[in-house]
Amino acid sequence: MSWYEQFLVAGTVVPLIGFAFLVFFGHRLGKPLSGWFTVLVMGTSCVLATCVLFSWHGLSPADRAELTAAAVSNQFYWADMGSVPIKIGVKLDSLTVIMFFMVTFIATWIFVFSVGYMAGHSDEIDGQSKYHRFFTYLCMFAFSMLGLVISSNLLFLFIFWELVGLCSYLLIGFYFDKKFASNAAMKAFITNRVGDFGFLFGLMMVFFFLGTLDLDQAAANFRQQYASSTGLFAIGYSIDLFGWQVSGMTLATLMGVGLFCGAMGKSAQFPLHVWLPDAMAGPTPVSALIHAATMVAAGVYLVARIFRLLTPDAQMVVAVIGCITLTMTALIAIVQTDIKKVLAYSTLSQLGYMIFGLGVGAWTAALFHLMTHAFFKAMMFLGSGQVIEGCHHEQEITKMGGLHKKMPVTCWTFFIGVLAIAGTGIPWTGPGIGGFYSKDEILAAALMRTDHWPPEAEHHAKAAPSDEELESGLSYRLASDSPEHGATDTSAGHDSQPKSEQAHGPSELDHAAAHHVDQAALVARATDSEHPTSPLPKWLFWFPIAIAYVTPFYMMRLWWLTFMGKPRDQHVYDHAHESKLMYVPLVALAVGTFFCSYWVFRPLLADAASAATDATMVVAIDGHAHDADHAVGLMLHHDVHRDLVPIVGFAFLIGFGVAWAIYRNGLELATRISSMPGIAFMHRALRERLYIDQVYDFVLVMGCRGFSRLCSVFDAWVVDMVALLCAALVRRIAAFSGWVLDARGVDGVVNGVASLTKYAGNAVRQPQTGRVRNYVLFAAGSAAVVLLLILAGSGAWSAVVGWIGL
Amino acid sequence: MESSLLSWIVFLPSIGAVAIMLLPKALTRVIAVGTTLTTLVVSLLLFRTFLAGGDPAQAESVFGSGYGFLHYVQRIPWITGEGFTIEYFLGVDGLSFPLLILTTLVMFLSCVASWNFSHWKVNKGRKAYFVLFLLLETGMLGVFVALDFFLFYIFWEIMLLPMYFLIGVWGGVRREYAAIKFFLFTLAGSVLMLVALLGMYFYSADAVHQAMASGGVEGIASGYRPDVMITGGTFDLIELATNQAIQDHFGAASTMLMGFRFAPFAFILLFIGFAIKLPAVPFHTWLPDAHVEAPTPISMILAGVLLKMGGYGFLRICYPIFPGGGHDWAFVIAVIGVISILYGALCAMAQTDFKKLVAYSSVSHMGFVLLGISVMNKTGFQGAMFQMIAHGISSPMCFFLVGVIYDRAHHRRINDFGGLWLSMPKYGSWATLGFFASLGLPGLCGFIGEIYVLLGCFEGRSQFGWAVPMAVLAATGVVLTAGYVLWLIQRVYLGKLREEYAGFPDAGIREVFILAPFGVLAIVLGILPKHTLFNFMNGTLDLMVDHIVSMNRHFDLMNQSYAMLGG
Amino acid sequence: MLEIGLNHYLVLAAIIFCAGVFSMVSKRNAIGVLIGVELVLNAVNINFVAFGKYSGGNTSIDAQVIALFVIVLAAAEAAVAVAICTNYYRNLNTIDIDRGDAVSG
Amino acid sequence: MNQLLGQAWIPEGVDLFRFSPELTLVATIVLVLAVPMIMGRSARLVGGIVMLGIAAAGWLTWRVAAEVSGQGVAGMSPDPASAMLLVDNLSCFFKLILFFFAACVTGMWWMGSSASERNAPEFFVLLLGTALGMALMVGTLNMLLIVIAIELASLPSYAIVAFEKRDRAAAEVSLKYAIFGAISAAIMLYGISLLYGLYQSLSFVEVADGIATDLATGRNGVIIAVALLCFFCGIGFKISAVPFHFWCPDAFQGARIEVTTWLSVVSKAAGLILLMRLVHALAAAAGAEMISALAPLAWGIGILAMLTCTVGNLSAYMQTSVKRMLAYSSIAHAGYMLMVVAILAVPGSVGAASAVSALLVYISIYLFMNLGAFGVVALVYWHTGSDSINAFSGLIRRAPWLAIPMLCCLMSLVGLPPFAGFMGKFWILYALAEQGDAASWLYWTLFVVAVLNTLISLYYYMRVVVKMMLADDGQESVRAPAAGTIMVNLCGLLLIAMLIWAQPIKHFADRFSTNLYSAPVLTVDVGTIDQTTAHP
């Protein structure tokens, strides 16, 4: 094991130890101490992660590839499934390293924040302090999340996936004395389970069709099957699924969609998005850590990890779901008045962007957005926590206003967040912040997929940007401004590719195309109805663009209503205060927001894109993707980002401006606008979250409970009944004899049989009258009947024999 | 290697029972706990072999078998006549070993759980209770180690009466109804088993005699024992499964019993017998009643061990001996399994009685066992077996958790609880662990079994076209399970502290002592399934599946040629 | 003249048998029932004696012996039965056998 | 005269030896009557004499059994070909059972009734009289002796049922019993007369040969059927097979409990063994080629058996008197045992060996179950004066050492392991399955009916168990004589022991059933039968 792995494992295990310690000794440590203990634990992890990150950053791609390969051989033999061994290990690559760092860094500061947040009465449930329990859960969460990040195996990814879900459940329901909190927790878990159902389904398909649950191995097998037209992609391969003949390609799509379902649950994508706004019932640090920065991003992470298993169709599903989510939730965010709800819906919308980005193939950009978003959204949530705690648990922004005087640090760090999420930057030249790079890159990729796809043949000749340029997002951005520069050094681009086997994918594929791919495979691919690189429908581009205008609007609205203007509720305003323990993390995260926008992350992600490079059928159009050469080359050549500027370059200004105009003087104007006919209807629909929750509640929850009650009644009255026939028989006999069955008589199978027996018992005892003459008559009569039978049988023994039929 | 260790394990509880009968009342509980503990410790001695085991060479020298390495074998002729043999034949292999340990463990813990039974305050038949309790243990252990079908049957029935009384005397309000229901259901099942038992004996005799006649020999070689000749019918479960002549005769399309093809018919007789015990829908209705009325420790045993006997029966008898039957009925069994999963979960959701809910959840969980074995592949079998053990850990825990609050609140109406986590924080945490284990949360034991079963189903689709849809349907059960478990937790443990429960004492040392092993096992099994379980049982299960598969292939060929001959 | 042969005896015996059975079934008086039994036994005796006489060439006296035994049996049975009847009468003040239906079901 | 005397047959010493158990019984009867005249009517004294007599008879039987082991011999007959009395393993086996059981019943009497008994000599005369009748019943194939034996077994039993002279119920049931018995006997005699008319022989072996010949040639079908039907009526009465069972519950309920115990086991067992002999003789005479000709016989017995056990079990269902319930249960058990007789009706059947042995095992085990169950009922009855099910309420508290053996016996009657009743049932099912495997589906039908009946029977036995174990209405505890408690507990223990040591029991039964089925005991020269007999 290289020390990288050891550090990562140690960083993961330390929170687990912390958890175990707190479970047993948490109540002894007491109120502030157990919180600080947790910070210490998390800080240790963070230090380890930092070491790994910077050291990793300093490595050459070749060394990284070597380490990645080495990590595979250090796997632990966990179990067999049938005869397939399941091994677990650390997935050591750039994505893991930065995700790991991101999680530990943000978690550490949020833990610090929590110590402050929980210092008051926030740790009380129905009057009892549950301080250490909160931090116990946080430790558990940190462990699960880090485990999820380093898992090399889909099964283990799933296990940690569920564990973070559990922690989320416990933390959302932390104030479980409140009905809405426990409801929200349940909703979160069950909604996630619905997604996990799909995940499980995908997992099964991966296991069955690709014969492994290891991420890399699965991708390799997928690729191999595609190349050699075996397995899933064998010609004419189809299976019977609920009566439909499903072809191999469709199965592959289903597999991808199934896995994506998991992501839909965790990242709260439509139609499983309903749990996330409700999840704000948890303590605010939890909302920041789990429901903004880390756990909800796990879905995106998952899609990134399984990217190589997607088919074009599956990718399209991902894009469409992302697009729907980002649009719908951004619209809902406009009308929310609860500070955390607004942030929650904005989180949903941003997650939608990420998913959408993966759907359109912007692998690096989506993950980059994940990173930046994690920092600024965590920061904003903490800011809101500060506000809420300061205002004595007042969450309505309609009652706030003018808080910038009382909480300046919060106000301005929050403003940085607003700028970041809005994608503020100087068009054409930069520099910008946060979303300016990450979100716009997603939009750029989308634009390219809609407008400039498929790329013309001559772009194949174009080269990738040089290694140094890729090292930083900034230089990349600059490079994109000067296409000629990037095109100069073709060979360098090739050499710079990581030497992992994945990275060699493209050349191998070319090789295979020349020598190995037999005719059958070509036929199979030719017959695929979808061209793997078909352009996107236009609306998939325009919705995200439109929302790029909406985002600054609602963020500005939130910020302005909270911090600017005049106080609308003097009582709340008077109480407002700021605590140092809580704004230090804000500042730290604000710094982090800047940091992550410029250095380390973007180039490492570009490097990590090797995880998507050998995607068999889908296209990653940025980074060192499958078609790295011409994808990036295309981007440079056309300079899509430059094309974007007229479309969204000033979106943040327009959004801010409109928001400022409406909310400058408080809520009057907004109220008037919202009560305008036509708008009022939409306003109400959006306030009610488009009634989706209500529909789910009615159809699914009530439906399920109703059905279950039906089943229960069925169980008590039907299954438990004598086979219906038997009961009917009993009743018939009873009616015949005038013997009325008591209620329990037909209660059940057993009861029915019992009654039948009882009845039969009564019946056969009827002759036992106690009168000997009857006895004699009966006995003699029986004998006589037999005698008559004998005589009737034509009077001959042989005839009797014949009668018996033997 | 002959060893009487298993006999000791099986009959130690009986010895304890006799001791309780003879010694003064004051010692009763001590003896009972001591006996179950001793049994547990002695059964742990088996680990010696199984930790060293997996060594086929050694197993070969021990037993020399094609299927199932048997350990600690003890075989003594019991009832013999002309060509007629019933043996006292005990042995343990990877299939029975985990269940044996589970039984001794659950019995020990539930014995401790019986320590402060509310009936003892009125001093109601303490002696009788523990005597029956220990006799029950003998019966259950016997079932798991008996390898002679006749002996198996005897043990199977022995455990009936003690269970009946344990429910019927110390149970709840409708205890008599529940007890007699349990009794009748089980007896009906065992009666069917008896038919199959005799059929199997005579047909094995026919097979052997035919083989002897056609070969002109005095006896045919045993299927798994070197240097042993078989000259007549047999009850030996391993012999029945491994002897080619017997298998051929059982599987032949021309072998009929009561006008039906023998293998599928005998299979279904056995199947119903075991499915009642499992229990599978629609033979499950005894279970909720029995559970609701039974006292807590007995519920623990019922859920933890008794239900496993059904699953064990499938794996030990139905499938190895009638692989063809398993193949013919696979679809039906899978459907029953899936229905059990979904139907059990839905019924559980609608319950307002805490125990009944847990009881229905058992139906749902055991449905996975059925589904797992129906596809007849390694993953499925492993999953089914794991699910049994996992359920044997999580469900006694859940029942004990119910018992703990029942002791305090004296009712089990879910809707009348609330906020118990606040009044009993330690207990609440254990409860969360227990119910999440039952929910099948990854990282806890319930998950492994479910996922293995589902994956096994997927794997089974090369053989059965319906396997994938079944798996998909079964997987929806995962959502339903989450639904009822979380709803339960919300209603009972979450929410505001209620006055009437505010004064409840938290889980005491004894209670934690019982919960802790279950909790720890739930976690350990979930994290390290291979090292805690699969290592011990996979050898046997894999061999068994190989055997089943090869037999089925063999039958296909055989019956094809039979059909071609115009049979 | 009609020769009286075996068949006549057998038919006579059958008729007596039937009469006996009828009387056993129809009589409520215990003594009447016993008389019915005697009738049946006598039918048997007629049978035996007739068979003994008409079985061709058979010199065995089995039939006659049996008839004697049957007479003895009938006597013994009558003795016991009448004693029981007396006991019955003592307890129930009647010999109507239909009145003795307390033990039933 | 001298010549005649010379021709007369005088039994030799060995004949007398073989007949000695019965002779001992007769001697005991005489002693029981004579000794009180000399030494006063002490009940205990009479009991002692009876015990001694029974012990002597038992010992002699054991000696005889040792002598005849392995071969059937004729006793008390000048002509071995048509022996009046058969002394073979089977009859020895039954006599051993009979004497053992008689000792047990005497023991019961000793505990329960001896203190208040004023008519001990009469009681034992009657009891031993029935014993003598049964002992003869199992040892003969001569129709005359069959009639005499049945009457000898029946007549005293009518009287002994009415032994409580002041008991209205006893008076009532004894009359019913007597009338029913008399009618059955009369009808049986009529059947015998027809058979005699057909074949001019009283030896059933010869008759069977004649029937076989006639069946082979298709003659006399109806008359044979009518004759056999009438014949089996009498035996059916003894076995209390449906529809000749009506007397049984009434008589059992009205009679003293010792008498009920006595009749419930041995009188049925004797009838069954007799029937088995007759059926076997028929099948042996017919030979394997006539399986289908005898099929109606097999079916007839089979249907009778099914009816018997079903009606018995169903009728027991709602009984409130445990004694009466056990009476019905004894009908049901007779039904189970009849099932194996049906196997013997198949000439050369493969299951004959198992069938006979199963029957013997069943009888041996059944003896202990019934003894134990009736024993407990008796002990409870003597204490509470009631045999109603309510008298058993809470027995586990009131008298644990009665409740536990009662539980064992009842569960054994159900046929539940770990009690020997299971072995009994198992061997019967085994025999049925073996036969069903080889022959017609009648046997599988019987199998299924037997199994279903087990389930039905569970319910009513459980009612008593539930009353004993689960109900408690606070009645005072039961004080039972130590000897009685020990006896019933021994029965309970024995029932478990007989499962564990099933092997010796089975071997015992195998040994005593060998020469019945392996070859016909006696062979008859078919030529001696004149088949030209005139008949209508």
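Each chain carries a letter (A, B, C and D) given by its place in the written order, and its residues are counted from 1.
Keep this in mind: a residue touches a chain if its C-beta (ideal position, glycine included) is under 8 Å from a C-beta of that chain, and two chains touch if they have at least 3 such contacts.
From a predicted model like this one, the values you see are computed outputs, not experimental measurements.
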Chain ID, smallest distance between chain and overall C-alpha centroids: B
Between B-D and A-D, name the chain pair that shares the greater number of C-beta pairs in contact. A-D
Mean-CA-position distance for subunit D and subunit B (Å): 44
CA centre of subunit A versus CA centre of subunit D: separation in Å? 79
Averaging over Cα atoms per chain, report the distance between subunit A and subunit C in Å. 97
Averaging C-alpha coordinates per chain, one finds the centres of subunit B and subunit C separated by a number of Å equal to 66
Subunit D residues touching 2+ other chains are 175-176, 179, 183, 187, 250, 459
Two or more partner chains touched - positions in subunit C: 21, 24, 33, 97, 100-105
Pull out every residue in subunit B that's touching 2 or more other chains. 184
Applying that definition of touch, give me each pair of chains that meets it. A-B, A-C, A-D, B-D, C-D
Subunit A partner, complex, touching residues on subunit B are 181, 184-185, 281-282, 284-286, 343, 345-351, 377-379, 382, 419, 421-422, 432, 436, 441-443, 447-448, 451-452, 454-459, 461, 465, 468-469, 471-472, 475-476, 478-480, 482-484, 486-487, 490, 493-497, 528-530, 534, 538, 542
Using the touch definition from the top, list the residues of subunit D that touch subunit A in their complex. 175-176, 179-180, 183-184, 187, 215, 218, 220-222, 224-226, 229-230, 233, 243-244, 246-247, 249-250, 292-293, 295-296, 299-300, 310-311, 314-318, 440, 456, 459
Going by the contact rule at the top, pick out the subunit A residues touching subunit C in the complex. 765, 768-773, 776-777, 780
The answer for subunit B against subunit D in the complex is residues 78-81, 125, 128, 153-155, 157-158, 160-161, 165, 168-169, 175-176, 179-180, 183-184, 187-188, 191, 194-195, 198-199, 201-203, 206, 257-259
Taking the touch rule as given, give the residues of subunit A at its contact with subunit B in the complex, in rising order. 77-83, 125-126, 128, 155, 158-163, 166, 169-170, 173, 176-177, 179, 182-183, 185-186, 189-190, 193-194, 196-197, 200-201, 203-205, 207-208, 239-242, 704-705, 707-713, 715, 719-720, 748-750
